[in-house]
Amino acid sequence: MKTLSLSLLALLAAAPALAQVEGTLRFTVAEYSSATGPYFEDLATQFEAANPGTDIQIEVVPWDVLLQKLTTDISAGVNADMAIIGTRWLIDFVNEGLAAPASDVVSQEVLDRFVPALLEPGTLEGTLYGLPVAASARALYVNDALLSQAGAAAPATWDEVRTAAQAVVDGTDAAGFGLQGNEIETDVYFYYALWSFGGDIIEADGTSGLDSPAAIEAATLYKEMIDAGLTQEGATAMSREDVQNLFKQGGVSMVITAPFLANQIAAEVPDLDYSVHPVPAGPTGANFTYGVTDSIVVFENSQNKELAGAFLDFAFQPEARARFTSGEGFLPVTTAEAALPEFADDPTLQVFTGLMANARFAPTIPGWEEIAQITSDALQRVYLGEETPEAALTAAAAEIDGILQSNQ
Amino acid sequence: MTRRRLLPYLLAAPGLALALVIVLWPLWQLLVIGTGDVNRFGQVRGFSGADNLLAVLADPDFHAALGRTLVWTVGIVLGTILVSFPVALILDRDFHGRGIARVIVMLPWAVSLTMTAIVWRWALQGESGMLNSALRGLGVLDGNVQWLAQASTAFPMQLLIGVLVSIPFTVTVFLGGLASIPEDLHEAAALEGASPWAAFRTVTLPLMAPFVNIAVILNTIYVFNSFPIIWATTGGGPASSTDILVTYLYKLGFRFGRLGDAAALSLVMFALLLLFTVLYVWLVERQQRRDA
Amino acid sequence: MTRKMRRTIWSWALLSPLVVLTLFPFAVMLVTALKPASEVLRPTWLPSRLAWENFGTMWQATGFGRALWNSVVVATLSTLLAVAVSIPLAYALDRHRFPGRSAIRQILLVTQMLSPIVLVIGLFRLVVALGWVDSPWGVVVAYAAFSVAFTTWMLQASFAAIPREIEEAAWLEGASGWTALRTVFLPQALPGIAAAALFSFVAAWNEFVIALTLLRSEESYTLPIQVFSLVAGRYTVEWHHVMAATLSATLPVAVVFAWLQRYLVRGLGAGAVK
């Protein structure tokens, strides 16, 4: 109730700034959690109340089938006016002329609200196409109770991770280092190590970095940890959600994941004794986190760009954004949000936002989904012991080079 | 009199039209997309002939998936028939609680295939799955088996699930077949002093043949194209080691955005099924002519 | 011990492996649905208490009531349509000899050969062209169309068990073709029709891919989509809700199965009147 009245206040405060708009707007919303649908419906209702004559239709789609639905919609020419997409998909939309430049839809004032670094992933060849709606980074969650029981300290480097994991395995019933080996972002889990060893996903010369010494070293690190029993069992069947669940149950002492785990822990196992640390560093002390944004993209064929702009202006007000960001467990995307006490004063979130300075994003290149799949498959073969890291990664790099070449 | 001769066509027309429309139009679309230069959003930009098809045929993943699909299909269809026939025989004779037994056997049909697969995936979880905890509780297992972590344990599980969900349909078909065998044939065989096994061989089996055939054909078609089981449990992984043609097709089309290739692949799959059905029916009819 | 008793013991003994395997997923569903939220991730078989309220919270959280209604409407309408066109088709295939009969059979078989995954784009374009996106009609017609082949086959099998003599007897007594059909044939065919209708209904009830493609707003989503969205790509999956939802979606169908199981088998060609 308190948030509702605050929102209404924000609404009234913003009302004079809203242009008089009319019409129907269709918005494809990707579903993060059970709160996503109700949040956007609520937003839509508030907007409609402030702008009589408008009808905002929210179409909620689960993430797993989002790309499939967008594809079928676009192929039949009946896509919505705007949609939430993974920013890594943006380049395909832009290349096909499907995305409208953000400056065509919203004013500079709206664009200025965003944290500048977060606009980078959505900017292609100097033009901004996607407005970040969700942002997150990754950090190392550590179960302090297990570590102290094992007599280990929270690790800052990969070597310390191995030591701590060994101590946990020897001194407790839990697994040491949680390794995600299945489903989306399996390749990302590898990139933390890759980057900390000085490697790169795509080299400066435009070829795949998977066959570099750094990459092979990183994969070997993970494989050795699996073989030594330092990770949870069955990594290739464990998705990110599975490893997180294990962490929540106290079955594994370390896992690298996003801020929303903190929300989940607070809701489900509030007594869990844990802390958040930067991603483990390599021998040179280098560590990089993976930054992700999801973007709202307005379609070029939309007939309601003005209404879309008005709705986006409304949706990116600090109050509305704060509710979304804290509700879903993301990082603030606008500077006004970031200044709010619930974000500025939260120590866990501070770790994440601090890491954003060193964040790397997925390369915005066409064919990225396929490249990620090839990388994940190669890693799974390594984890299962079916191929050596060198063999698997070299083969994968060759395949990826083929794709990179054909897409030039 | 022409009205009389037209009658069957008039009767058949609505049903046939309905069934065809839903298939012909999409099939035509598949041809267009499959032979077209199409972007990842299904927008056709030009004509590319057999390029997509050749790209698919050259892909090693395609060959692996093809082989696996054959194993998948034969394994499940054979397993289903071999289990369903005895089950149908048992359920055909009256016994206490037969009604309940029948309902239990039919239950998998009542659940959406996607949800069945999701529940199994949940139960097959390595650390927190209930199959492992049940097997450990019963003393069958010492530690946890990571069922879905590698193809050597995942694929057999997927085959098992495939058989379990195909049994209700097949048992129904067989029960119908058994029930259609007139009583007097059994009595005649008994009167002539035939043993139950001989009666089974000379009376039941031949009369059940058409039902077995339809069960084989329909099961083959459904199993060949069955997407949810593998997709929900392993997504075709790890490292594409449990991919069958239809899951490989989904990745091609909706993940990698190679819709042209996906469409060409779907036409190949369609041709394979068509070929199988035609061959099978021809073989059966040849056998029937021999027996006659 | 009576023969029936002996047969009962043997039958249940032989069926037990299948019974266990079949009931296993349902047991998992039930146990998980009744676990309090904090215990869901633990693989125990005995919840600390029976959390019946999960069904209630699930109902609210998933908009179950609305999705249930949508599923009922769509499944019922598509079944009616499928049965309405399949009855004459099956009658023609069974009772009449005419050129093209086996071709029609083959064509019907062919309509089953394309996986919904593959048809999705083409089907979607067709539905868009007809203006039926997000309308239940697109889904109803699509389901009915896919159902025709199997429904026709089932009906044909049950019609084949009805001897022609009873219709011919009616004709001899002066009844017209149509009257004979209505008064003599249809009552005999009713169990078969009921069985075919049931299977068509269940297939429509559980279908997922086509519904997901053709429907867009949450108000029109059917049950499989709502249940699937609980699991598909969320950061946290509420498994107790997922299991409770699946059970609730399955229960009506299971009840109807139990009620009609006697007729199901009879419907496929048993017990012809001599």
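By written order: A, B and C. Residues from 1 in each chain.
The criterion applied here is as follows: contacts are C-beta pairs under 8 Å (C-beta built on N, C-alpha and C of every residue); 3 or more make two chains touch, one makes a residue touch a chain.
Everything numeric in this text was worked out from a predicted model, so none of it was measured.
**Student:** Would you mind checking which chain's C-alpha centre is most distant from the centre of subunit C?
**Tutor:** Between subunit C and every other chain, the largest centroid distance is to A.
**Student:** Return the chain pair with more inter-chain C-beta contacts, choosing between A-B and B-C.
**Tutor:** Of the two interfaces, A-B and B-C, more C-beta pairs touch across B-C.
**Student:** Can you compute the centre-to-centre distance for subunit A and subunit C, using the mean CA position of each chain? Integer Å is fine.
**Tutor:** Their C-alpha centroids are separated by 40 Å.
**Student:** Averaging over Cα atoms per chain, report the distance between subunit A and subunit B in Å.
**Tutor:** 38
**Student:** Could you state the distance in Å from the CA-based centre of subunit B to that of subunit C?
**Tutor:** 16
**Student:** Which residues of subunit A are in contact with two or more other chains?
**Tutor:** If we look for residues of subunit A contacting two or more partner chains, we find 68, 71-72, 75-76, 245, 249.
**Student:** Quick check on subunit C: which residues sit in contact with 2+ other chains?
**Tutor:** Each of 41-42, 121, 125, 228 in subunit C touches at least two other chains.
**Student:** What parts of subunit B, by residue number, touch at least two of the other chains?
**Tutor:** Counting only residues that touch two or more other chains, subunit B contributes 42, 125, 127-128, 259.
**Student:** What residues of subunit A sit close enough to touch subunit B in their complex?
**Tutor:** 67-68, 70-72, 74-76, 92, 96, 98, 181-183, 232-238, 242, 245-246, 249, 251, 367, 369-370, 373, 376-378, 380-381, 383-384, 386
**Student:** Report the residues of subunit B in contact with subunit C in the complex, numbered from low to high.
**Tutor:** It is residues 5, 7-12, 14-16, 18-23, 25-30, 33, 42, 83, 86-87, 90-91, 93-99, 101-116, 118-120, 122-123, 125, 127-134, 137, 160, 164, 167, 172-173, 175-177, 179-180, 182, 214, 217-218, 221-222, 225-228, 246, 249-250, 259, 262-263, 266, 269-270, 273-274, 277-278, 281 of subunit B that touch subunit C.
**Student:** Would you tell me which residues of subunit A are touching subunit C in their complex?
**Tutor:** 30-34, 37, 57-60, 62-66, 68-69, 71-73, 75-78, 241, 245, 248-249, 260, 264, 268-269, 328-329
**Student:** What does subunit C use to touch subunit B in their complex?
**Tutor:** Going through subunit C, the ones touching subunit B are 4-5, 7-8, 11-12, 14-15, 18-19, 21-26, 28-29, 31-32, 41-45, 81, 84-86, 88-89, 91-93, 96, 98, 100-101, 104, 106-119, 121-123, 125-126, 141-142, 144-146, 148-150, 152-153, 157-158, 160-161, 202, 205-209, 224, 227-228, 231, 239, 242-243, 246, 249-250, 253-254, 257-258, 261-262, 264-272.
**Student:** Can you tell me which positions in subunit C touch subunit A when the two form their complex?
**Tutor:** Residue positions touching the partner: 37-38, 41-42, 61, 120-121, 124-125, 128, 133, 212-213, 216-218, 228-230, 232-238.
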